[in-house]
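Pasting the structures in now, so scroll down.
Below, subunit A partners subunit B and then partners subunit C, in two separate complexes.
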Partner chain A sequence: MPQQVVRLGIAFAVLAIVFMAARQALVPDTFGETGHYRAAAVDSIAAYPLQYAGHDACAVCHRPIAEKKSDSNHSGVSCEVCHGPAADHAAAPGSVKPPAPRERGFCPMCHGYNASRPSGFPQIDPVAHNPTVPCMTCHDPHAPEPPVIPGACRACHGQIASQKGVSHHATLPCLTCHEAPDEHKATPRLIRPGKPDTRDFCGGCHAEAAVSPSHIPRIDMSTHGDGYLCWQCHYPHHPGTE
Partner chain B sequence: MASPADGRDWESRETCEPVDRRDFLWEALKASLGVPIALSVVRVPELCGMQEESDAGAERIYGMGIDIRKCIGCGRCAQACKNENDVPDEPYFFNTWVERYVIRSDGEIVVDSPNGGIDGFPPYKEEGGTLRTFFVPKLCNHCEEAPCVQVCPVGATFITDDGAVLVDEEYCIGCGYCVQACPYGARWFDPVKHVARKCTFCYHRLAKGKVPACVEVCPTSARLFGNVGHRANPLAHFLRFNEIQVLKPHLNTKPKVFYANLDGEVR
Partner chain C sequence: MQGYIYPNEFELRWSLLIVLYPYLTGLVAGAFILASLARVFNVKEVEPTYRLALLTALAFLIVAPLPLLAHLGHPERSYEIFLTPNRKSAMAMFGFVYAWYLMVVLLLEIWFDYRRDFVLRAREATGPLKWIYYALTLGSTDLSDRALGFDDKAGRWITIIGIPSAFLLHGYVGFIFGSVKANPWWSSVLMPVVFLFSAIVSGIALVLIIYIVATLFRGKQVDMACADKLATFLFYAMVVDFSLEMLDFIHRLYESEESIEILSQLIEGRLFVSLIVLQMVLGTLVPLISLGVVSPALSWRGTRKVPAEVRRLIYLGCALLVQVGIFSIRWNVVIGGQLFSKSLRGLTVYKAELLGVEGLLMAGAFVILPFIILWLLVKIMPPWAENEIPTSPEA
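What follows is the complex of A and B.
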């Protein structure tokens, strides 16, 4: 065999051995077993510790509260939303106690009025709504109820009522603007309540000449609005009415 | 006797040879033993394959559903995610966060997410009036065709058999290509571990039979978690009864985070 072929062969053999050794050393153990990644990584990620135990774990010990909550408006609210991550508590119930937020600032994180929230979601203005009184004084967080059971219009029109409750028109009863004959309660779809059908109705408070408190916005009824009814452009229940 | 309609049946029955009870029972016993053997040869489990596969877990593909109309922007999901996944508290690092969209009357779109929504959203006070406004929770979309996985030079980020896009923190070299490649801004660079990190769908929780932390704490069930394509789970119900959109569908990343009632202005 010619010498140069032998040398070339040796060089290739050495290169191949170096490549194999380097590959052996550099490629992690389980790489490529299930794809172009280290298969053992999946197991190590799956082995991270839990922080949130999950509501099923809470219900094992706190059955009465869990049952009470499951029938309430907070049935979909998991325990750890308010009480924080409780896996440690579930593992050692005696030594680790999860917090129970009682301060007034906590509930408005969900129930404070925010224009971006869905309009039917129950919201209050934390500044105006019974200031300084902790929410728990009137509302049981495990079975929250409105202090007054919804009756009259609110019983059916809850979404409009809760929206109106944080609007400029919060203090106006529904019947100020709507005529609701008694038959409407018996046959709500046959006998409809009325809506203001003249511009002058809104003008009673909002016209320039109206006799009403001075903070109410005024408009020149003769030039504004092209003859449309006011509520066709301004939604009176909406807090952002402009 | 028999009516004309079934007369033919009656005759054919009469022409049958009478079978004696002992023979009948013996034949029945042989048949009852033979049928399972015959069926096992043609592999029943393959004929009704669905059941076999769902038992084996091979068809498990995780996905999340988010209903925009239910999100109240409380930010509990973002906080829970930080608690669960040991994410630094600084307001630059999020696996999931909540964005507020304000579409103004003049058509301009304003998006903000102060601290990911964890501390709530201050009232939006700008001139011009608001046309629409809503919250959009965001997270890694666990794309079926994930750009981040394609660009990783070492194979440290990958898609598992069940569809979750994960990062191998021991193997990541911290080059940051994936952070750049993600069109959803869902990846971030861990300043302590010096590796890329992201939402794992709380893979460690799934392994223990629990739902992701953000889904666990969502008070209005705006977030749902389940198995894409498996009918008996909340996600299948969600996908069936809502109009579904995904983020940036034109990129063909095939996300597995599905949005219901998503506004066209959401990017």
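What follows is the complex of A and C.
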């Protein structure tokens, strides 16, 4: 056998032995038992001290609030989502008090408008929506409801109503734009509501010559839009519509 | 920022260092393919660059994973991908592709090629250098005709194994991007092939640059037969690469459905300079036309009209432009693929930082480092023909 092969063989054998020894010494015993990780890591993590007390622990002392919340839109939101980990408070309720966030920046972490959130999810623009007023002034966080009493349309079209509620058209009743005969409520799929079928309808507020408040955006109806109906490009319920 | 992007798309996850990584591995694969031209395909003219190409591939291969380690953080944990191999992860398996290419292909080929030199230098050198050269021989000091013949044969076989390995090394990088199905800018089965041919282009151009510059610094004459041949192969590789890129580009635009609008915005806006100006015009068309006119690729007559000195300068300029073009390709793939939102409704921006682990300075250091390593390798293992040591009689 050529000398080179023997020498290379020795070099590779040394490398292989070092590799095997490193594997033996460095790979944890429980690695790979239940997946591509150290199985004992689960026990190590379980051994960490608990930070969260859990919803049931809160309900023992705060029953009226827990009951109120359980019937509300926040029923799926655990107490500690807003009040922080409360294991220490549960252990010593008198001496450790969990925080109660009241600043305006807190609620928009979930309810600030973001294009990637589901369109039916209640969202506001924190800059434009009652600036400087703390959210709790109008909304009870344990039973949050929109301050406006829902109209008849909302009963079925909740998602659109939520979306419209934070759009530029929030103050317009649905019937301003849609014709909805009474029969629509009884047989909604048979008798359909109408929607604007002329450009002039939107032009009633948005045309340059329209008699409407000055903050409403204006366009030149004769050149803008190339003959399309307005809502074919501008979805009027959408908060992001310009 | 323009239009709608999701919150997690605001900041690009794969930064400048991830642009650098496929660029460096491409240079490795390309330089090795060039070396194989001399060794396996017996292209005699490029023999002066054979050893230089191997050392270049080694120097760049040593640096290639460093941008990844800097990007990921915790480089001290990197050995774990070898100890606990995850066969389901293409990224984790790169460790083995890298180890195979470094240990079994490149180091072995260089060792067989240089073993005779190591033995002779160990005999001539004094002091610590003697022991360094002796260690490099691994104790194999047999210089008989039979042993040298075996070295030659083994080197040839390793090169033959090395060609698919080089394809695997860089094809893998394209594979990673090409298999991201959710991204219409990346998802393409042509991606590994396009990466591979652009790697060959960049590798040949790099060796051409190093050969011309190093020869001038050494005060020697550039072997124009070699430079002409390198330029010819660079031209051929560029023709294939350009055709594949265009095919990939057209296919990508044709295949894309709802993404066509955002991709058009991407090309016309964010990537206009790096894709149209740098990659296509300066990095591809200008060198392609220049090499077509000046090099003997299309006709031997071309070389007669242009003096050697001018031709050399044009080759050097073209090779440098090719480097700009290939780096732009990597940029356009890695950064371009992250500039548009998965909502297909918005574009974000990328601004590289100057300092920091993923900054411009760090990237610059990773570009310079292989040249420093190459300089050291050339000092220990001169690749030039005039440094060849005649076998002494006592051998």
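As a convention for this text, the second predicted complex is superposed on the first by the 140 of 242 C-alpha atoms of A that agree within 3 Å, B and C clash if a C-alpha of one lies under 4 Å from a C-alpha of the other, contacts with A are read in each partner's own complex, and residues count from 1 in each chain.
Operating definition for what follows: a residue touches a chain if its C-beta (ideal position, glycine included) is under 8 Å from a C-beta of that chain, and two chains touch if they have at least 3 such contacts.
Since the model is a prediction, treat every value here as computed from it, not as a measurement.
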{"item": "First (subunit B), second (subunit C), both or neither touched by A:L26", "value": "second"}
{"item": "Partner chain in contact with A:Q3 - subunit B first, subunit C second, else both or neither", "value": "second"}
{"item": "Partner chain in contact with A:G35 - subunit B first, subunit C second, else both or neither", "value": "first"}
{"item": "Dominant contact partner of subunit A by residue count, subunit C or subunit B", "value": "B"}
{"item": "Partner chain(s) touched by A:N114 [first = subunit B, second = subunit C, both, neither]", "value": "both"}
{"item": "First (subunit B), second (subunit C), both or neither touched by A:P49", "value": "first"}
{"item": "Subunit B and subunit C contact sites that coincide on subunit A, given as residue numbers", "value": "31, 36, 114-116, 240"}
{"item": "Subunit C-touching residues of subunit A, taken from the complex the two chains share", "value": "2-4, 6-8, 10-11, 15, 19, 22-23, 26-27, 31-32, 36, 114-116, 240"}
{"item": "For the subunit A and subunit B complex, residues of the former touching the latter", "value": "28, 31, 34-38, 41-42, 44-52, 54-55, 74, 76-78, 80-81, 84-85, 108-110, 112, 114-118, 121, 240, 242"}
{"item": "Subunit C - residues contacting subunit A, complex", "value": "4, 6-7, 79-80, 82-84, 86, 88, 103, 108, 111-112, 115, 138-142, 146-147, 150-151, 154, 343, 345"}
{"item": "Residues of subunit B that touch subunit A when the two form their complex", "value": "69-76, 80, 83-85, 100-102, 120-121, 123-124, 129-130, 133-135, 155-161, 166, 168-171, 200, 203-208, 210-211, 213, 216-217, 219-221"}
